[in-house]
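Below are two complexes that have subunit A in common, paired first with subunit B and then with subunit C.
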Partner chain A sequence: MTTKTWSLFWGSNFVRAPLQNGVGRYVQQLQRITFKFCKTHGGSKGMREYIEKELIGFARENPGVVVYVKPRRHRSPCLKAEYLNGGEDYISTHVNTCEDIVKWVEYLRGRSGYPIERLRKYHHTDYPSIQGPWTPWTHRHPSINFKEYPCVSCHLIIVMVDDKLL
Partner chain B sequence: MSTCQAVMSGWNYDAELYAFGKRLQEEFDGDALREALTDASYITKEMQRQQELGVSDPGLAMSNNKELAAKGETLITQYCFGYLRAALPLLPEEGISALVDYLLSEDVMSAVGYGIGLRDLILCEEHPPSSSTMARCFHAVVGALSVSSPALQCQAFVRDFVVAQLVGKDIDAIWKVENPMGVLADILHQSGQGEPEPRLIFQSGQETLQAVYHVGVYSDKKFMGSGYGETVETAVKEAAHDVLRKLFQITDSANPLPFGKDADVLPLKTEASVSLDNWSIDKTKNIISC
Partner chain C sequence: MFVMWFVKVASSLMRTPKSRTEQHYYGRKQNCYSVAIKYVHRALRYNTLARKLRKNDARELWTTRISAGCTELGTKYPDMKLMMDESSIALDRNMLQNLAIWEPRSFRALALLTKSRQEVGLNSLEGPSPVGVVTRGML
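Then we have the complex of A and B:
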């Protein structure tokens, strides 16, 4: 897929943080996560193993995330994550192993909740220039600094300097 | 009993409330938080529903968040005033009030409430909660925090979630000075300096669509600031704005607002800053901005 096609469908954006997150304090954006699985089906084996081994530890380490476990008979397992900014994410974990699910949960835990987009730049500033915007007179020849004003031939010199620069 | 979004979708309200406090790294008093999240419209609706079902005496021992909201709003106002006066010592009182009004506006308050996840937790009649309900509820959450935690922690909460909304905003755009040249003339007069004198520094492309003028403002032949515009009038206005920005130290290159450790040691100022009518360069000379 070319960049153009990608941008057409998925858009692009700058690096951003919801609600100035991290300026004052960091707030984990993952609000709740639901583990859906089947108690008997083979496709949910990894998920059942995760729930037995890892889930309590995850919940203990992340008290800000509400964890729900939802058994559903004979349906494939998945993860549903909801974020503070209203974003949602769904990951199918059919026939995934416990280790895979650990990684997927880690992926969901660290996200901001914004959709995955192409980043135009890996940095962002609200003040692109503290010197002000460019104007036609921004980078003038330094010789002007030494002129004695008022001067008769000044206008002529400035025009000449401009010609040289432009 | 609860019919907020969290419960309607089958969530556990107690667990959600616990996680809410933990997520914000705050210790909330459970009852106070519940009260803060209960809107008056919810209690009315619930009473009505129970009476329709034939319950003669609905045992709804709930109180709405009006009191806590009033308390929270006072707290936010007080802290924002104290913080901004200390952080922007040269900004006149009018500017400080404009910034506080902006922070306390319904838009900002409801955006903060939405951003910390109140949307699913509020008990109210409509869903999603309207922005006024959301703003009131956020005030009430701050009120509930003041009940449950020491004052310093409550202030840190207000700073991290409310004042932080000013980061990246142009103060000059929030507080608009209508007549910058007149204001500048007053200030210079108060300071015993000469009248501001706008002078054309450069011009280009006159009588074309892309005309641009560069105007500098001088007082007693001293350069004070400059601005650009597509006409001379706008350029003069911009230049006067530029001088005011420099005097009030709210330029783009000014120091950022203090947060974290810097803000912890910032002494809050209770007395009002100098108002615009009395603002002079001499008066603010001894103020050290850190």
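Then we have the complex of A and C:
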């Protein structure tokens, strides 16, 4: 793949495991995979080899994945993967050997459908704080909640609680 | 009839497939190879230089946050560093700023420890041991 710099244009995101996938059970995110190739052109040779040797094994091992094979004349070979969340991925396998295609298919099999984005942090937690995050009133004394008002008629001092600082 | 496909335009000389680096550039920088390649090289150069700058920026941000937390609690960050060196508390800037934000009471404990070190000295036998400091005989 060509080099790519991370830029603000492509956006960035945090690490996520949507629906806690993998935390409990793991659901394979790959929905369908399409193998497009030409029956005669030399660039599809690796793809044709893969379809003859490896494809049926892959389909048996991944019963949740729908495999489409599209022989199209005069087209370069490619893989198209579609994921449960609607994400897609396209990989051109022109003049790729059978081993290369095995590796690409394995790469597509393990992906979630989310786009490749710069990760802001390599960790994530739903509960970042145990003591409770800092507020402007964390280190203030609770006596600021109280104010003494003089009461002329009953000769008492009434203490009012300002409950916004709870 | 004006026939468009005879015209050889500079933009047709974009030799590489859309190398994604210049995909969001403006005008000829996106479509013409000899113009784009200069800006792509510059972007890649900035990318390598920025790796160090990012670390510097993060460190500066962390220091600002820790100093702010210390000031709120009545101490200073250099004093806290001294206290931590003496007590061999090995918390780096990243962890300290996380404590200050997410575990404010732990950070407050460190600030109190700093204050006691300044007032009495942690190992001194002169006065009573500072209030609210649990050493378990380790300091």
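Rule of thumb we're sticking to: the second predicted complex is superposed on the first by the 126 of 166 C-alpha atoms of A that agree within 3 Å, B and C clash if a C-alpha of one lies under 4 Å from a C-alpha of the other, contacts with A are read in each partner's own complex, and residues count from 1 in each chain.
As a convention for this text, a contact is a pair of C-beta atoms (placed from the backbone, for glycine too) under 8 Å apart; a residue touches a chain by one contact, two chains touch by 3 or more.
Owing to the predicted nature of the structure, the values given are computational and were not obtained by experimental measurement.
Once the two complexes are overlaid on the shared chain, A:Y149 sits clear of subunit B and of subunit C alike.
Residue contacts after overlaying the shared chain place A:Y122 against neither subunit B nor subunit C. Contacts of A:I130 after superposition: both subunit B and subunit C are touched.
By the touch criterion stated above, A:P63 is placed in contact with subunit B alone, subunit C being left untouched. In the overlay built on the shared chain, the residue A:S7 is in contact with subunit C alone; subunit B does not reach it.
With both complexes superposed, B is the one of subunit B and subunit C in contact with more subunit A residues.
Of the two partner chains, subunit C is the only one touched by A:H139; subunit B is not. In the superposition on chain A, A:Q28 contacts subunit B only, with no contact to subunit C.
Shared-chain residue A:P18: touches subunit B; no touch with subunit C.
Common to the subunit B-facing and subunit C-facing surfaces of subunit A are residues 129-133.
Across the complex, subunit A meets subunit C through its residues 2-7, 9, 128-134, 138-139.
Put simply, subunit C touches subunit A in their complex at residues 16-17, 19-21, 23-24, 43-44, 46-47, 69, 72-73, 100-106, 108. Residues of subunit B touching subunit A in their complex: 11-12, 15-16, 18-19, 22-25, 111-112, 114-117, 119-120, 156, 159-161, 163-165, 167-168, 201-202, 204, 212, 214, 228, 251-253, 259-260. Chain contact summary for the complex, subunit A toward subunit B: residues 18-20, 23-25, 27-28, 31-32, 63-66, 68, 84-86, 126-127, 129-133, 135-137.
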